[in-house]
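Order of writing sets the chain letters: A, B, C and D. Residues in each chain are counted from 1.
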């Protein structure tokens, strides 16, 4: 479908589908690919074409290209992002590669979508923000992939809060619980080494939880108390036992700019919980509840009307008027986790079409990095409260 | 506590606590005893005293008297109900004894509470209604123990429906599922013999379900299609294998006087379900859901307001303004199944105090008997629809 | 991706992707399109290409082609199915067109997938079975789209039952509740006219429920008692009020070949329930529960081990070893309703590749038609039990 | 019922029912009264008689005596506890009165049950422990009322953990959420003044949560990080606005002696949550979940067997073999919150009968006070971790 928005390129390039290069073909590459395939069939966005997928292993990358529907595969990301027929660079690599690729792509005038967390360090993140700001001046967009902002139920939750339906927010209670590391015999991976992953559950899943705290409330996290724990301190690596150098679990108590208190608890050893991003928000006039394992549901409670009729109601977020839902199926026909990425692309492509900078921006990503760094600092100081350096943006 | 209501006896007897005689000391006797002990501490009702408990086995009845807090025990129910210091007779025997005891007690001028179902046959039930009507003329009250009308959540549900909150009712979906007979090795009891129990799941638990259908809607069941099944046709009796002569499960489709269609499904072999009286009511403007295993909860859905905010809400029925709840604990502190009996006594005693006839009346009990008989008739006729002879009362 | 299975065409055609023609572009066309786009990226199946989408309205069909990713659009289904580059015909039209298209396609040697129900009449269905049997002889496959057999949780349920984990099945309790017709002001559509839709909730959603009863148990429905109801008998049509000539709701009690009793209750006026296909299965040794609104969950209860530890457990059906799940995301990342169609194509294409006839076959579809007809016959005869003419196949 | 245990008095007093004096008649007095009335009808315990209820307001205390079934009422607690016919003193007053009454009662040779928390200060608690130890030497028993240890589901949970079914415990996630102070217009009470209540949500409900952490794991809390917050800092008192001098909410991260990490979050402003004591326990081999609003349920997950069959199962804790349940109703018939007190008395009276010291002891109560004090200390020190002075007992 040729959308009315297609080809609204900022720099006068021809009216043709936007070419996409994706760097990385593992878990995130597979998920992003599905989204790139689907977005144009369900949303009115600028047309795109999947030009090239890039990975280090030529054979496996070629296989991924065939399987996931990319025109070509390549092993040199630099070459790929400089191609004239590439307009968008989608970065799905491990975090330590984000900065270099993103900055070069932005400099080359390519719109950039980068998976979360923004980078492994504050320094890298800061450089990325600098590059993003400069590019934005030239109409080149950038976004960080906190895809859970695009869970329709959570977007709906944010809207209800923004509309004042909960009144002033007092407490948030957030957990992101998984259990894929419960078994002490589960082997080492790059995700368990500090040099490649930056941190463990903290950067991987607390980053999502913290982003939600800020996204839902529209407030910044101002101070944190943190605790980290590695329950299984050694795991089997390719050359024998290897120390686990990242956290298995993290606990955070945070104070927000508007006065609310939020707790965040994340773990990869929460036996029996598979992908439990659970959120509770308590306001003066209402409350909300959510669990990613049932991502089509939002529980909403209004503390109005007779007490005898109050209660949390299960809203099945599949109505045409729910965020993003008009694009999908009749009411009651649930969507899957993968479409958080489809919706992310919908918003990213819409931003490219309109020229309005998308959120979450690299600045938003940097703010999360600052919170994560403050948590680590607090954890190293017996959980004593640490201030988060203030960010300057005003909106989530 | 001497309540302002105490001693409002219809026949001029002295202002003393009402004396109670209870016939039967098994499961229902234990439950009723707990209610008799509790009712005066939580509700403003005429004062009562637990005069005598009656059973066939002198020793076990005496033990029950001590344990459950009755002044005396006895083995002759006739003598007990004729005592001058007995004003109320509470009948907890198997169904085949209901009619004889109730009729004699009513004739003796004693208020009568009889466990459900009213009796095992229409003939007995009809005689009981005759006796009850005559007694009512003399200010002597009678009630049948459909205690689930006194689950606060169900009383609240009835009120919401009566207030038009659901609009016209179109469908009810009711099940009462238990699993205590799943094991084919489970032995014979009086409950599995037609001569003592009348029927199986039908009379025991479908009677509750059918009473709820009528209670909640305020409509009568006009016609039914029924099916019965005995899955385990023989069980170990005291003298070897014995045929099971009652149903294990029953299925009913019913049409109500107001045009709604109700289904009732009951079973004692619903593996894994312990006491699942589950009710769903669908109206033009709203819906309700309930499960006895979580009897402090009512799920309420209003099909009003934006579709994006509709959903079933869980009302925790523990607010002071919920039916019966002011008597109990602060919000959120749940009550147990036993207090359906406490509330039943509260209403029965209040009726005795005010002289207003209590519901469900013996007529209500007879109406349920007629429905049960129609179900059996339909089941014997390949499920073809059978009309329920019309009752004449106008209120539930 | 060139799968090892690709090109195993029965009739010696060249080793190229299988060409697909899809007839219909509305709700089902959209859902099937998404599945055709996705199946090859997630499963090892014969390669396919989306040749042509066919509809009556040229402009809208062309738009659908662009949007849903079909190479061409067309308005003449006959021409389309006779194209040499078309190997598979996917029929998503209203039911009254199924027979003609399917039979012609099968005769033309094209594999056929047809949406459920198989057709609107027994006569048409019987003709389709005849055509399918003849085609099967020539290696041409056919399948009817009871896509809920491909909900991983239900496939898993079937496997557990087939493995004897529930013991002999005694009762099934199935409902398919929707509420899109609650509002009496909701207008007429082809789905509410008998001539186009055949029946209402009965054919549309009871067909799914009945197929599940047979699929899960591996047993045939032998006799039924039925009731039908149209609650809103007139709705606004294009030329004023028009009678609704199909049922809004249906109730079925069925007996299975293995002795189990199943109830099926379906409605389009079940206020507040959006897409509630709910299934409970009770066996001698265990039980299962499922709800389509949470289709990634299966509740399983084993009546073994200490009674103090028994209970329904929520299995999140997202493990790599669950049916179809290896193709998707890490555990806990749920999939959407649309992938029941992706899985359906996976199985259909695998059958085409291997030459083994897929299920549910047209015979399976005919068997459901016979049950539906028996329900209508019973409903017309005051719900008296009607036998279902026996089918001859031996497996579900 | 004269139990075989009755009259086993340590000091040779006559074989008569144990006389009970209860100090306090408000919320806890009402709940304890219900338990005293019920315990002997359901459990084989030493016989008791409700001699006297004591309160400051003579009239209201007399009314409470009548209503709740006490033989006499009185206003002088000292006199009451010294009565010869009083053997047990049950203290239900606000916390600041606990120490004086308990110590005098113990010295007078009376068994003492005191509501939680043990006292408002460590100093008082320490004195109470001293008195309890001395009394214990003389066969006089004492217990603190952490009644939630007697929720059957939690007792069952403790047993499963003690039996190693969860393996080594890694994480606990506990919240106790209520919402009775959400409304800023809700007035002052003694519970919101530091001098009478000691603390707010911390002492009132975090004490329960912390006791559960230790009870369930059998481990001590060794160090804590804490945060306190008063959201509504001023409320309407009898003489105008008055500062709220206790916390509305508290957050605790704790490390246990066995290495587990526990979080406790409590609030009286958790909009929409009425009485949500929610507990999650994650071990190496399994997990448990509980919510006080559904106190008859325990959710248990075993990380054993095929991954495709794992999941949290809902155990309805109503089986005869579940803790305390043999005394109650057939399976599936739930009990209410009040019977946590009935079970508490069952255990207390059994201890009196056998002479074995009951748990939780005053030492257990003191340990909780130490944890609470450490939380307050940490909260005052920017949440920096504070060690809990070690206790010497070895069992929970």
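Basically, a contact is a pair of C-beta atoms (placed from the backbone, for glycine too) under 8 Å apart; a residue touches a chain by one contact, two chains touch by 3 or more.
As the structure is a prediction and not an experimental result, all values here were calculated from the model.
Ranking all chains by how far their C-alpha centres lie from the centre of chain C, first place goes to D. Chain pairs A-B and B-C differ in how many C-beta pairs are in contact, and the one with more is B-C.
Chain centres here are Cα averages; for chain B and chain C they lie 43 Å apart.
Chain A and chain B have Cα centroids separated by 55 Å. Among the residues of chain A, those in touch with two or more other chains are 273, 301, 310-312, 316. Across the interface of their complex, chain D is touched by residues 166, 170-171, 173, 175, 179, 182, 184, 225, 227, 229, 231, 249, 251, 253, 261, 263, 265, 267, 269-273, 280, 282-287, 301, 303, 310-312, 381-385 of chain A.
Those residues of chain B that touch chain D in the complex are listed here as 1-2, 27, 31, 33-34, 37-38, 40-41, 63, 66-69, 178, 180, 273-276, 292-296, 316, 318, 329-339.
The residues of chain C lying in touch with chain D in their complex are 156, 300-301, 306-317, 319, 321-322, 331.
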